[in-house]
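As written, the chain order gives the labels A, B, C, D and E, with residue 1 at the start of each chain.
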Amino acid sequence: MSLHNLTPPVLDVRNLSKVFPIGSNLLGTKPAQMLQAVSDVSFRVAQGETFGLVGESGCGKSTLGRCILRLIDPTQGEVLLAGTDITHLNAAEMRPLRQDLQIVFQDPMSSLHPGMTIRRILAEGLRLLKLDAQTEAARIAELISLVQLPADVADRYPHELSGGQRQRIGIARAISVNPKVIVLDEPVSALDVSIQAGLLNLLRSLQERLNIAYVFIAHDLSVVRYVSDRIGVMYLGRIVETGRASDLFDNPRHPYTQALLSAIPLADPRAERKRARTVLEGDLPSPLNPPSGCSFRTRCPRARPLCAAERPLLEDTAHAVACHFPDPAGTEATARATPSTLQTGEGA
Amino acid sequence: MTAAPLLEIRDLRAAFRGPSGFVEAVRGVDFTLNAGEVLGIVGESGSGKSVAMMALLQLLPAQARVSGSAKFKGRELIGMPQRQIRHILGREIGCIFQDPLSAFNPVLTIGAQIIEAIRLHDRKISKRAALAQTIDLLASVSIPEPERRAQQYPHEFSGGMRQRAMIAMALANNPSLLIADEPTTALDVTVQAQILDLLRRLAQERDIGMVLITHDLGVVASMARDISVMYSGRVVETGSADSVFYDTCHPYTRGLIAAMPSLESVGTLLTPIDGTPPSIFDRPQGCSFAPRCGYALPACHETDPELRQIGTTRAACLRAEEIAAGTVRPTAPLSESLPV
Amino acid sequence: AQETLVVGRSMDVNSLDPSRAFCDTCQVYLTAVYEPLLTLGEDNKTLVPKLATTWENNDTFTEFTFNLNPDAVFSDGSPVEASDVVWTFERLRNLKGSPSFLMDGTQSIEAVDTHTVKIIVEAPNSEFLNKVSAPYTGIMNAEAAMAGGALADESAATADGAEGWFLENSVGSGPFVLTNYAPEDELRLTANSAYYGTAPGFGEVVITQIQDSVSQAQALETGSIDIAMQIDADTAKNMNNPDVVTEIVPSFNFVYFAFMPGSEAMKGKLTPPVREALTYAVDYDGMIEFTVGGNGNKIAAPIPNGFPGTANLMPRSQDVEKAKSMLADAGLGDGFTMEAVYPNDNVYGVDLNIMMQKLQQDFAQVGVDVTLKPVTYPVWREDMANGRADLTAVYYAPDYYGSGQYAAYFGMTEGSTWVSRAGYKSPETVVNAKEGEIYAAALAASGDAADAKYEELAKELMADNVIIPLVSPNLVLAHRSDIQGVRYSACCNLPLAEISRK
Amino acid sequence: MLRYIIRRILGVPFLLFGVASVAFLLSQSTKGDPLSALVPERMMNNPEIVSAVKAQWGLDQPLPVRYVIYMKNLVQGDMGTSFNTRRPVARDIADRLPATLELVTAAMIIGTTFGMGIGLLSARFRYSLFDNAARGFALLGSSLPIFWSGLIMLYIFSVQLKWTPGTGRLDARSTPPEHITGFYSIDSLLAGDWALLGQTLSHLALPAFVLGWSVVGIVARLVRSSLLEALSQDYVRTARAKGAPERVVLINHALRNALIPVLTVLGFTFAYLITGAVLTEAIFSWPGIGSYAVAAARSLDYPAIGGVTIVGATAFLLANLATDIAYAWANPRIKVSG
Amino acid sequence: MASTSPRARMRALSSGRALFGRLPLTGKIGVLILLFWAITVVSVQFWPLVDPLMMAGRRLQPPSGAHWLGTDALGRDVFSRTLHGAAYTIPVAVMVVVFAVVIGSALGAIAGYFGGWFDAVIMRTADVTLSFPPILLAMTVAAALGPGLPNAGLAMIIVWWPIYARLMRAQVLEVRTREHVEAAIAGGAGRGRVLVVHILPLCWTPTLINATMDFGQVALLAASLSFIGLGAVPPSPEWGSMISEGASKFYSWWIAFGPGMAILSVVLATSFLGDGLRDIFDRRGPQ
C-alpha cells in the first residue's frame, strides 16, 4: 500500500467506451444499430502488477484489450501509457510507443503467421528495435530460451509446434521489445490444464524478472484469481465489481460475482456434493439491446424496481461494486481505490 | 445383480490411416456403465475420448478401423450393420456434442431438427403430434416460449439455449444412454452450471445412463459416479470419483490435479506436467506417459503397463503401489527437462 | 394447309425497300414480290418481258419506251400504271441508295399515257434495258408506298422515312407478298392472291436463317429445308443422300485480290511491272483447288465469264521464274513485305482466309512476305478509305446482267471507287484514262460491237494489274429431290415463283 | 438483408449508367467505319450522301453531344434504331430476348439437374470409378468449343439418328404460337396446341442440351466440393447420431447447406449465358440476343451494341439480385442481421 | 533469410513432391498432361515435324501413315499444326491468367485492405466490367484494337480481372481479421508491410485453384474468339482457328479433331488439377 503514491500507473484507462456500428441504413450513410461493446471502463495498472478482467463471453473483454492497444479506436475515453495519452495518436506517432505495449492472443495458431518460421516471426516483432543482424539473432535465441523452448524451434514453422509451444512463442514475441504493459487476451484458454500450468508459471516468472504490467483477460475464474493482483469483473461491457483479488474472491459483493464464483466446478467431489449452488437463470442479454438500468437485473435474484429504473454507478472505493443492493464490503471497504503492487499470497 | 450392464466396452480400438499404415487413436479401452449412472471420462485434448465414443456409435469416417467389443444392453454394436445401428442411434442412445452451434444444421429450424429426430424412429407419428412433443421437450429443458423457439434457427439461440435444445433433441426418443461429449466446454461458467444442473436432473428423473466426456476435472467431480482418465488412447486410471480424486495412484492423474490452479494455489507455483502428449503418429515405446513422468523408471520406457487394481482404483502404472503409498517422490522426467 | 417452300440462307438483308436493298437475299425477295419492267430469260442472256410487254429504243440508245401490260395489278388490286413506274424510278434515282446507280444518267422519266413510259438518258446506254431488268428496279405501287411515308422527289435522300415501313409491307405486283420479316431469322412470303399471272408453285415461301454451309447441308438432309444455295463444294461432296439433288453450276460471282499501290508502305514499290510480276507468282489452278476443291473456274478480267466481252479472254497463268526475274529487274529481287487487310468472310463457298493463306504461300515463293489481317467489314472499309492496306481481297456478284457495272466499278477512271482505294493519295499510280472512253463507246454500241468494246475494256482491266480475279466459284444448287424448277439467274438469283413440288 | 437488397436495387441504375457509358465509349473508340451499314460502298465518295446520312443518324454531332443525347434517350427507354436491321433496337431485343431466355432457361434446367445429380453421386462415391467417369462427362461439355461440339451433336442426333429436328426454334413450315410470353413452349401450352408444344420442345432439346452441358461441369464440381465440405461438418455427425439413414443425411442436411454456394454460381451463370449463348445460337440458328450481339459488334452497329450491353448488364444485375435473395432465403443466418 | 536456408529449400522441394503425392489420381494425370504441353511449347520447334505452315500433301486427306491426323484445306499436316499450336494457345492462356491474376489480385487486395474509397471505386469498376457481357466486351476490344492473339489476350484480361479482384478482396477481408495480423500491427508494422508480408501470402490458395481451372477456360475462350474471327490471324496454327476451320470443313472431321482433343486435354487437365488442389487445400484447419 505504500508504493502507489510514488509510482504513477503505467497504464491508466479512463472512461473507455467502444460502440460498434452494425449494418447500415438504406443509403449506407448511417449504421442501423449501435452495439455498445465497452461502456465507461476505467482502471489503472501499476508496473509489475497484474490486473485481471473476467466476464462471460461477449462482455467486451477483448474489445477493451484491442482498444488499449489502439488496434481499434475507442469511441470515448482515454488510454494513458506511462502518462502519455495514446488515444489520439496517429499510426506513425503510435509506432514508437508500440514497444511499450504488447498483446498475446487467445488462439495460438491463428496468432502466428503460418508461412513464417519462428525466427522470422520473432524478427518481425523486433523490427521496432532496429537491431543489426547479429544482435537480432542473439536476441531471438535469448527470447526462445526465456520462454523455455529448445533452441531448434527457431527454424520451425508454427504448425510444427504444439499449442503450448506456440503460445510461448506468442509470449516471446510480446516480451521481445521490452514492453511495459502486455495485454494477455485469454492466453491459456485454448490449452489443456497440464500445459496451462506451465504457461502460467512462465508468465509469473517473466513478470518478476522483467517487471511488466499485465492486463490478464480470462473467463476462467480460478486462473484469474491465480495470476491477478486486482480484478475487474465485467458484465455487458461494464465493470461491475473491482478490487483486490483476495477481497473479491473472499468477499464478493456483486450478485453477479457471487454467481460466477458459485458456478466454478471444483475438482473435489466431496466439496462439490456439499456445495450450495446459485444457478443464474437465463442468458446474457444482447449487447445490441441491453436492459435498462442495471444491465444485470434480468438475471439477478435481488432485482427490484429500482434496478430497472436507474443504473448503479461503480463506487469509488478499493473494492468497488456497481449495484444498488450490494453485500457490504469487507475490512478494506473504506480504503480509497488505488492501484496496488501487493503481491498476492503475501498479503492474503 | 446379474443384470447386464447398460454399456460394456472391452478392448475397444480405433485406428486411422496415417502416412505409413494405420495408427491407433484408441488402443484397447474398457468401460462399464450401469443404467442411471454417470461415467466421467477425462483426459487432455487428443487423448482419444471422442474417438472412443464415436467408434462404438459407428460415427467415425468410413476409412477408420474399429475393433473390440461394445455391448449395449447385451447387443454388440461393433460391426453391427448400418441398418440396425440406425435404429439404436437416436432412439436408445442420445448424443450431445461440444459445439452446439456447429452441431445443429444452420438451415433448419430447431423444431424441424427435433421433429426429424422423433419421426426418424417413429414413422407413424403425425407432424403435428411430433411438433407438440417437440414443444414439450423444449419446455422440459427450460427453454422459455418453446412454441416460438421451435420456429427459430440455431443462430437465433444463445449458446446455452442451443445446448439445451441439443439435449432436448438427444432425449427426444427417451434413450436409456446419453453420450455427452464435452457438453459444456464451449459455454460460460454460469451457463455451464445451468446445463450441468439440467443434465443431473434429467439423468435422475429418467434413469438415464450417461457417459460424460470432458477435460475439466471440476465438471466430472461434480457429476460423475465413476471416472476414467484417458491418456494417449488408453485408460490410465479408473474408479469411483472419490477414489480417483483422493486415492490417486497414476502419476498422470496426479499431475492433472496438481496442475489446476485452485483457490488454494494462489501465490504458489503450479505444477505443470512437462512436455506435451505424444502424437498418435509417434508414440513412444512403453508407457506413453513415461517421457513426461517424474516417476518413470527405465522399465517404463519398455513395457506398456496394463490396468491393475490398486487400492480403490485401477491404474495402468508400474509404480502405482509406491505412488499410492507415497513412498516415492517425483524426479524430473528424462526428456525435455525444463527449468522453471 | 397450303404448301410451304423453305429456303435456308445466311440472310444478309440490309433493307426490304427496293430502292435501298442491295444483297443476294434481297434479289430473291424483290424478284418474288416486285416485278421490274423486263427480266432475264432462262439462258441468262436474253431480256424477256415482265411488266412491260413491249419496248423499244432509239438507235443511239438514249430514248427508251416501255408499254405496260394492261392486266397487271398490284397486290392491293389497283392497276399498274405508267405513273407508278415514273415514281419508282425517280425514287430510286433520288434516294441515293445502294442500287441508285442503276438510274445514273437518266435525264427524264415520263408517263406518255397510263400504260406507256418514256425514259431519256444523257449519254448512250445500251445497257439501260439490262438495268431495268434488275430486281432493284421492281415497280412499286406509288400511292401505297407514299401512304407508307415514301418520297420520290429530290428530297428523298434525306426526307424519306419509309425504310421501316417496308420491313412490314410490300407494294409490288409480283407473285408473292411479304407476310413476316424477322431480321436474321425468317422472311415469310405468301402467294399474292391478286396476282394477274400464273400462280406460283407454292402458297408460301419461307427463307430461314441458317448461317453456314455445313448447317445448311444438314438441314437439307433432314428435310427441314427444301433448298440451299450456300453449300460449299467440299461439303456438297459429302452429301450422298438420295433425297437431295445437288447441281453444280457455274456462277457469275468471283473472288479477287487487289493491289493497293497508293498505300503508305507501297509508295513507289507496287509499280505496274511489279504488279505484273506478282500476278505471275500466283498459282491460279492451285487456287481453285484449294479454295473450292476444284469446283470453280479461272477468270481473266474482273467480269464474270459469260458476260459480254469475256468470250475470248485468256486467263492469267503462273510463271514463277518470270515473276522472279521481273521483280529482280525492278530492283526487288530480295523481296519485300506487304500487309493484306481483308474482310474475315466466307462467301460463295470461298473462305477468304484460306484463299489469302494460299496467296501468302505463292508470294513467298518469289520472296514477298505477306502478313494477313482479317478484319470485320467496318474496319476493312475504314482501312480501305485510308490507304492502310497494301493488298486486299473481296468478292463481287452481279447486280444485273451486263458488263458495264464492272467497268464502272473496277475501271481505273478518275474518281472511281477503286481508284480512290488502290490509288489512295496518288491516283496517278493506277489511273487508266482509256477505260472511260472504251466504256462510253461500249454503251453506245450494241450486240457484237458492244461485246468487242467490252473485250477491249476487259483487256485494259487486266493490264491494270490492280484487280486480280482468282476464282469464279461454282454454285452448288442443292434441293430436295421432290422440288423442281430451281434455277440460278444472273439477275435475280433464285426466282421463287418458278419452283414447285413434283 | 432486406435493407441490403433495397440498397442493391437502388444501385442498379448507377451501375447501368456506368455500363452504358462504357459501352458507348468503347464502341465509339473502335477504328472501323461506322457508316459501313448505312452508306453504300458506291456512295462512300459522295460527300453529300455521307453528310446526309450522318445527319440522319445523328453521327454529325461531336462525341460529348452524342453521348448526352444517347443517355437522354436511354433514360426514356429509347435505345435508338439499329443500323443493321433499321428497326428500333428495343423492338429487336424484345423480339429476340424471349428466344434466348427460353434457351438459357432450358439449358439451366438441364445443366442444373445433371450437375446436381452428378455432383451428388460424385461426392457420395468420392474417388470411385463412377466419380471420375461422371466428372469427366460433366467436364467434357465445358471442355470442347461449343461451335464444334454443337455441330457434332447436330450431325449425330439430327442427321444420323434423326432423334431431333434441325436448327431453329420451330420447323420453318409451322407458325409460331400466339405471342403471350414469347416462350414458344409456354405459349403453345397456353394455346393448348400439343403438337406445336412437342415440336417446340424437340427443337429446344439439342441446343439446350449442348448449352446446358457446358454448365454441368461447373455445377457438378461445385455441388461436389461444397457437399464434401458440408459432409465434414458437425451437424452431419449429429444427423447420423440421430439415426438418420445416409440418404436423409445427404439430401436433408448436407445438400441443403451445399446448395447455398451453388445458388450463387447458378445466378451468375444464368446471366452469363444470356449473352454467352452466342455460339450455340449461331450453330443452331437460334434467333436470340447472342447472335444479334455478334452481328452488331461485327458491323459496328452502335445502337444495337449499346442495347445488348444494357440488356446483358441488366440481366446480370437482376440475376445477382435474385441470387442474393435466394441466398438469403436459403441461408437463414442472413435474414436477421443487417 | 530463412527462405534461402538449405532446410527451407528442401522443405519447398519436398512440399512440391508431397503436394503431387497428395493429389488424387485424376489430378496427377492432369499434372502430367500439362507437363507434356509445357515441354511441347518450349521444344516443339526442335521436333522432327513437317513445317506446320507449308503444304505437305494433298488437301483434305484423311489420317494416314504419312499424316497422322490428315491434312487441312491447304494440305498442311494437322498433327504438326496441332503440336505447334500449343506454342500459340498455351502462352496466351498463361499470359492472360497471369495478368488477370496479378492485376485483379493487386486491386482486390487494395480494395479489401484499405476499404473506403479505394474499395468503392475498385469494386464498382469491377462490377461494371463484370456486368458487361464478356463476349461482347471481348469483341469490342478486339474490334477496337484489331485482330490477333495479343489483342484477344488483352480483351480476355479485361474480362477476367474482376473475378480475381473479388476473390482476393474476400480473402483479404477474411485474413485481415486474423490475430497474427493484429499482432503484426501491435508489433509496429506499417500498413504496407502488414498487407504485403502478413496478409497476402495467406490469400493465394483460392486464387491459385481458380487460376488453375481458368487456364483451360481461357484457352477455350481464345478458341471461341478465333471462331468469331477475333483471335489468331492465319496462318498461325492456333487451336481455336484450326477448329473453326475444321468446323467449316465439318466432314473432314480430322482437321478439328487434333486441336479439339488438344484443347479438351488442357481443359480437362486443369479442371482435374484444380479439383485436386481444392480437395487438398479446402479441408478446414491445418492438415
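Worth pointing out:
Going forward, a contact is a pair of C-beta atoms (placed from the backbone, for glycine too) under 8 Å apart; a residue touches a chain by one contact, two chains touch by 3 or more.
Keep in mind that what you see is a predicted model, and the values were worked out from it rather than measured.
Note on connectivity: the fewest steps through touching chains from chain A to chain C is 2. Steps from chain A to chain E, taking the shortest chain of touch contacts, total 1. Centre-to-centre spacing of chain D and chain E amounts to 24 Å, using the average Cα coordinate of each chain. A separation of 31 Å divides the Cα centre of chain A from that of chain B. Note on chain placement: the centre of chain C and the centre of chain E lie 46 Å apart, centres being C-alpha means.
Distance between chain C and chain D, defined via averaged C-alpha coordinates, is recorded as 38 Å.
Touching of two or more other chains is recorded for residues 30-32, 151, 155, 297-298, 300 of chain D. Multi-chain contact residues, meaning those touching two or more other chains, do not occur anywhere in chain A. Touching chain E in their complex are the following residues of chain D: 15, 18-19, 22-23, 26-27, 29-32, 127, 132, 135-136, 139-140, 142-148, 151, 155, 217, 221, 224-225, 228-229, 232, 272, 274-276, 278-279, 290, 293-294, 297-298, 300, 305, 308-309, 312-313, 316-317. Partner chain B is touched in their complex by these residues of chain A: 56-57, 148, 150, 162, 164-165, 192-201, 204-205, 219-223, 225-226, 245-246, 249, 259-260, 262-270, 272-273, 275, 277, 279-280, 283-284, 343-346, 348.
Of all residues in chain E, those touching chain A in their complex are 2, 5, 7-8, 178-180, 182-191, 197-198, 201-202, 286-287. Residues of chain B touching chain D in their complex: 54, 57, 59, 82, 85-91, 95, 97, 99, 102-109, 116-117, 120-121, 153, 155-156, 166, 169. Those residues of chain D whose C-beta lies close enough to touch chain B in the complex are 233-235, 237-246, 248, 252-253, 256-257, 260, 330-333, 336.
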